[in-house]
Amino acid sequence: MVERDIKLDHERRARLGFDEAILCAGKSTAHLRKILERAGADSLLLTRLEAEAFESLPTALKSRIDYEPLSRSGFFGHVGAPTGTAEIAIVTAGTSDIRVSREAARTLAYYGAPALEVSDVGVAGLWRLMERIDEIKRHKIIIAVAGMDAALPSVIGGLAPGLIIAVPTSTGYGAVRGGETALFSSLVSCAPGIVVVNIDNGYGAACAALRALRGGGT
Amino acid sequence: MVERDIKLDHERRARLGFDEAILCAGKSTAHLRKILERAGADSLLLTRLEAEAFESLPTALKSRIDYEPLSRSGFFGHVGAPTGTAEIAIVTAGTSDIRVSREAARTLAYYGAPALEVSDVGVAGLWRLMERIDEIKRHKIIIAVAGMDAALPSVIGGLAPGLIIAVPTSTGYGAVRGGETALFSSLVSCAPGIVVVNIDNGYGAACAALRALRGGGT
Amino acid sequence: MVERDIKLDHERRARLGFDEAILCAGKSTAHLRKILERAGADSLLLTRLEAEAFESLPTALKSRIDYEPLSRSGFFGHVGAPTGTAEIAIVTAGTSDIRVSREAARTLAYYGAPALEVSDVGVAGLWRLMERIDEIKRHKIIIAVAGMDAALPSVIGGLAPGLIIAVPTSTGYGAVRGGETALFSSLVSCAPGIVVVNIDNGYGAACAALRALRGGGT
Amino acid sequence: MVERDIKLDHERRARLGFDEAILCAGKSTAHLRKILERAGADSLLLTRLEAEAFESLPTALKSRIDYEPLSRSGFFGHVGAPTGTAEIAIVTAGTSDIRVSREAARTLAYYGAPALEVSDVGVAGLWRLMERIDEIKRHKIIIAVAGMDAALPSVIGGLAPGLIIAVPTSTGYGAVRGGETALFSSLVSCAPGIVVVNIDNGYGAACAALRALRGGGT
Amino acid sequence: MVERDIKLDHERRARLGFDEAILCAGKSTAHLRKILERAGADSLLLTRLEAEAFESLPTALKSRIDYEPLSRSGFFGHVGAPTGTAEIAIVTAGTSDIRVSREAARTLAYYGAPALEVSDVGVAGLWRLMERIDEIKRHKIIIAVAGMDAALPSVIGGLAPGLIIAVPTSTGYGAVRGGETALFSSLVSCAPGIVVVNIDNGYGAACAALRALRGGGT
Amino acid sequence: MVERDIKLDHERRARLGFDEAILCAGKSTAHLRKILERAGADSLLLTRLEAEAFESLPTALKSRIDYEPLSRSGFFGHVGAPTGTAEIAIVTAGTSDIRVSREAARTLAYYGAPALEVSDVGVAGLWRLMERIDEIKRHKIIIAVAGMDAALPSVIGGLAPGLIIAVPTSTGYGAVRGGETALFSSLVSCAPGIVVVNIDNGYGAACAALRALRGGGT
Amino acid sequence: MVERDIKLDHERRARLGFDEAILCAGKSTAHLRKILERAGADSLLLTRLEAEAFESLPTALKSRIDYEPLSRSGFFGHVGAPTGTAEIAIVTAGTSDIRVSREAARTLAYYGAPALEVSDVGVAGLWRLMERIDEIKRHKIIIAVAGMDAALPSVIGGLAPGLIIAVPTSTGYGAVRGGETALFSSLVSCAPGIVVVNIDNGYGAACAALRALRGGGT
Amino acid sequence: MVERDIKLDHERRARLGFDEAILCAGKSTAHLRKILERAGADSLLLTRLEAEAFESLPTALKSRIDYEPLSRSGFFGHVGAPTGTAEIAIVTAGTSDIRVSREAARTLAYYGAPALEVSDVGVAGLWRLMERIDEIKRHKIIIAVAGMDAALPSVIGGLAPGLIIAVPTSTGYGAVRGGETALFSSLVSCAPGIVVVNIDNGYGAACAALRALRGGGT
């Protein structure tokens, strides 16, 4: 299977503009090692790679991975730095949501897209958001990461004209219901035209933003 | 049963400060008529009394009811006008939530408590709320009525120091889930100390506000 | 309330590019009439306006509404025809989903955006989709409307590089669960970067598409 | 992030009367340490601080924390003892709910509010509640902590006129559903005017009680 | 089918002590008529027979039915009056639950078992229950009918030693969830040994009580 | 708290016929030890006492506990052997349900009630049940323990006239939903008069059986 | 759309062996009429065609439809009678499930497959099933239609070696949850190898049976 | 219990064609050992046997087990190799679903049925499926294993005429809901006649396939 996975990268990039990301959660060290060894000179985006899993890899492979622990993401092989002006803003409600927003930022960086990151602007402290809103709303696309009641995408959606991609998070307990409350809340935002991805799916939000920037194919 | 219901009023008012409200939904015209006829000179609060149900009552009884169709509520018998300064504000997100906020306002009026009503200040149009927030936050108690994503109680909870009673509403379709999304969203508001009542329960929110104003008994 | 609603249009259009749409479901004829009479020379988008509700309006108002029964939508006042090349494709799985896809198409038309509509290309008859896929994938944005198992957005998401906005629909019975199965299915599509709006929310999908096309503000 | 968190305290206290509480669950020892070191002479309320997490802190920091293991709460820095007459009673159904009621009591103590705590008065042993009810009902606010069927707030709500804040708990298995049964049960109490906070949220109940006591701002 | 249904009665009564009850909900007048005509001299218990359905039957059949509208139940043919001392008490929380408790009482009457009925003793007015508890607890079996938070079976279960059969009801809206809140609440009562039947199933509670009184077979 | 728990035993036994059972799950060794030491010469029923928790107790206390690992139950102090003829049968569908049926059997034994235990008679191997049914149905009360689809109570309920107490279990994965499928399935059994207790609650089923055998109080 | 639907029939039959069935629920008389008129000499299977919808069709069309009201199904055009030996048995638990089992039988008849129908053999009256089981188990495929607790497929699955297709039905109230209890119960049957279709989907069960009989294509 | 389990094998095989499979999850090493020792010369299928559990068995027993770690399955005793032409294809969407599809393949192998296994043909890379579809659709029965949105069974169901058995898997997070999204999605596939087994139940799908191949008994 691994061989086929790696081979498919090129076709997929040509067709959709995406490499096949390696979701590392649930994969054994041996399995990850095989994938990385066969990748050869290709670059790969690794998601949900816990620090322990990263540490358990052989040094030779680790040295080729640009690892970021908060987002639990790794860039394998050569990945250039983002260039140009940021067209995407990533806005985060609470500090515990940053693990998700950073996954979005890292995915964008992997594909060379710079992004503005604004953290800790949940609506319970509205003036913090207000101080930054003029800067935020200039971006074509705003990824709004928020758990709990997910009020952030609604407030931004009423202030900014660009595409708003809500990422509900699973932060919290009880009526949070593992993120479903934030998910449903984002889907029924009274601000018109908010779109939503799966709970905690920073990677998916970044892919959607890239799709929106690139547009259709031929 | 009816006889006992009516008899109980006095004890209940003495103990809790509340008359027994008559929930009219699901009661036949004959049943309502019997209740009203036995009430005699007592006043009664009628909730969820649909316009058709009100119209189907005998003229003699209708003439003794102060009926308000939006909240579907009626005051039977003599109910004095509220007096004094409003200590409670009722704030509503969307126009379709007003049927619920009016039920709260009418319940307060029945018990003589004046309230400030502020409508149509959902967070998707944040400046509308901001224009009124200084006035709103001066009140001891704020009843925040909001369906959909119920972002309103969170935003107010971050701006006002008083008791915030969130009333989720069932307005909408799909991921609204009959109001459960707003209910859960209110329960996990990131603003500290928001309290919540059942979906569409304007009556319950008003009773809670009255409890908070009156305090304990002897 | 109505007066304020109408007044707000101009501010909202300036800020977000959207007029306030009038959700007609649950509004009485009298209420709708008042809204339309005060709109004056302004144009309005009416959604979820059932045929009976439309018919119950006075002739003078009806004559100013361009009504389309399948989508239950109306354009009040002067709305110009869409011009330019379509950048948005609206693709529909089953014939019973067309009520939703037409709502998206009509919303786009209201704002002057032409769209390609492709119907009845559910994946149970895969060749029907394959005959049209080259045409579809050239569009910057693809709105994929599908109920039941919502397999359509996944298949398109694997073939087309643009932004895919999935609209789950409530069509069906039993395990369809009022559209929640399609909703969750769209959210966990294995194709990367699919975004989702509320069940049956063609209007929201169109607004999201317009946001993506217009980008940020100043 | 940490720096901003700490800076915000003063503004928040001025506006709402609350410091920013530090929810310690899910935070690493290193992270907690940084927060406490930067707090300096400020006092902080620490919630959900497990005994192991407390023990893993450096001695110098531990010595400045007044830690209480049952509620898993800590007071960092100087926190004065509550003074005055208790206006709040905290009433608990079962012994396994005390972890939650103590969190409420500790939060009140942090803000200087004395409270009466009455434990183990679940309604399955009704006379235990009856022995204490006259004392309980004299309080302006009653926090009723109960899991399982959450019958306690209903019974108290029928006997006491003050504000009843129900805190459902997650105690139990099977149909307990992680506390949702107690949550829904509290929301539909037949006693009028019960308000509810999130499952196991003793902290939130205390904040609500403080809001009710302090009233509005200027 | 009808013929077989009727034939089976005798075997069933011999084996289990129950006739086959005819659940009338969803059956056409023609269907009901056929069942009754073939019953001949046999007696039958009719449940969920709405007043309109009863009225639509031919006079000859109606005259042979002892119909009770509150419980929507009918006795067809000769059914003797209950005799002996009541070993079963049926206790009801709210007036809207009486439709369910009466179904239990009528089922018991059909099988000749007298029962004590006590209504309107919900725990929000605890003293009403306390006035009757000594009388109630003398019975071997107590059927406790309660919707909303279903606190009644818990309170009784802590005061009475006999078998408590809880019947949750669907009364109410929002977090009532069609009776599931009362159902789950009854299942997790902190009083030991409460048993539960389906929502609104007064018939089933009565059958269970009869099973408990009669004991095993040979 | 512990002191009060122990003191209450005598009152409770007098009123309801039950001692207060000690649910050991979630209690620390220190806590359990204190409870047992204060019990003195009283006997106690310990439920959900895992083998590790039992082993961690001091030898002096362990020697006074009759521990049974499958049911995770212990009898502390002197508990006499059951005597007389069994009036209760405990019937179990699958081998993984025996942990629950043994809890019921042990609870009955603690209170001196003998019971017939029949295991491994799930309906997928119907002849195994049929070989034992004549013996089973002679009992006044049948506790039917079954997970998965919980078909066992329905089949027995159609064959035996006594009281059937269904205990749904949490055995299995996926659509088992932690036992909720068995719970709901038991509640809607087509056999008349089945009653149900919480998932995995063998203790509760035994208490209900004891209530049914003893009848009302004075 | 209609034209395309009809045209597709031939391709679909060649590929899968199925015509496109017309689900009539939710289609207007005008829409149905157009479909039937364009079908010409082709035969069509009509499902969920309510008696009123059938009656509202023009006489010329009605006369060409073989309508069966219990299953709400119609055969349009010439459909030959089933021939050969029945390889499929359709077994039904309760009389209210027959509307679903008949839909399966009618679908099989439309495709020329004879089937044995056995009704009213729910497991609460086990001997009724036992009298027929030898006849039933000789069939290659058994469609087991059952609502409520859906115990029937489990019992049959333990007695018969052929393919068991369970069809859960929505019959009942409360914990029936619109058929989800029967659905989940069927999915976790302890008999090995039971397969399941959507709630009330007699049509789907018949299609599955036909697939199993015909096997693969070329 | 163990003795009875083993004895039953022969009857069951005669009646249904299945041995009793040993579900090893949740069984202790001692328990497994006893089962295997008593099996003697009989062969047994072991499912959900984790590598650690396998390793903990005595060498003498391990040497008699053909263990396969991916499917966590073991053949105990002599199991002949499958012979003949494959009539069953097992098709898998993602690499993380292979643990389930291999369980199906191993179960078939245990009973001597050869099967074609095709992996990694999820619909997000449609051409991978298309390359293999002609080979796949020649099989009488297709087991389609897919998690997430479970679009695979729908696409195959529209292309292949044989029996399609969908196996939803629990792969993923958030809106995956432990596999329920894939389960519901499979149940409402728009391709006619798809049947479904429990989440992750590869064993059950194989049993169903064997039932379909063998047909009825005598």
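Labels A, B, C, D, E, F, G and H are assigned to the chains in the order they are written; within every chain, residues are numbered from 1.
The rule is simple: contacts are C-beta pairs under 8 Å (C-beta built on N, C-alpha and C of every residue); 3 or more make two chains touch, one makes a residue touch a chain.
All of these numbers come straight from a predicted model, not from anything done at the bench.
K.L.:
With centres defined as the mean of C-alpha atoms, identify the chain lying farthest from subunit C.
P.N.:
F
K.L.:
Interface overlap for subunit F and subunit H, more than half of numbers shared or less than half: same or different?
P.N.:
Different, since most residue numbers here occur in only one copy.
K.L.:
Centre to centre, by mean C-alpha position, how many angstrom separate subunit G and subunit H?
P.N.:
27
K.L.:
Would you mind pulling out the distance in Å between where the CA atoms of subunit A average out and where those of subunit F do?
P.N.:
That pair's centroid distance is 50 Å.
K.L.:
Please tell me the distance, in whole Å, between the geometric centres of subunit B and subunit C computed from their C-alpha atoms.
P.N.:
35
K.L.:
Which parts of subunit B, given as residue numbers and ranges, touch two or more other chains?
P.N.:
In subunit B, residues 125, 158-159, 174-176, 180, 183, 187-188, 192, 198 touch at least two other chains, as defined above.
K.L.:
So which chains end up touching which?
P.N.:
According to the stated criterion, the contacting chain pairs are A-B, A-C, A-D, A-H, B-C, B-D, B-E, C-G, C-H, D-E, D-F, E-F, E-G, F-G, F-H, G-H.
K.L.:
Hey, which residues of subunit B end up touching subunit D in the complex?
P.N.:
Against subunit D, subunit B makes touches at 15-18, 21, 87, 137-142, 158-165, 183, 187-188, 192-198, 203-204, 206-212, 214-218.
K.L.:
What residues of subunit F sit close enough to touch subunit G in their complex?
P.N.:
So the residues of subunit F in touch with subunit G come to 93-94, 122-126, 148-151, 154-155, 157-159, 172, 174-177, 180-181, 183-192.
K.L.:
Residue numbers of subunit D touching subunit F in their complex, please.
P.N.:
95-96, 98, 119-120, 125, 173-176
K.L.:
Provide the residue numbers of subunit G that touch subunit C in the complex, in ascending order.
P.N.:
It is residues 1, 4-5, 8, 12, 26, 170, 178-179, 183, 198-201 of subunit G that touch subunit C.
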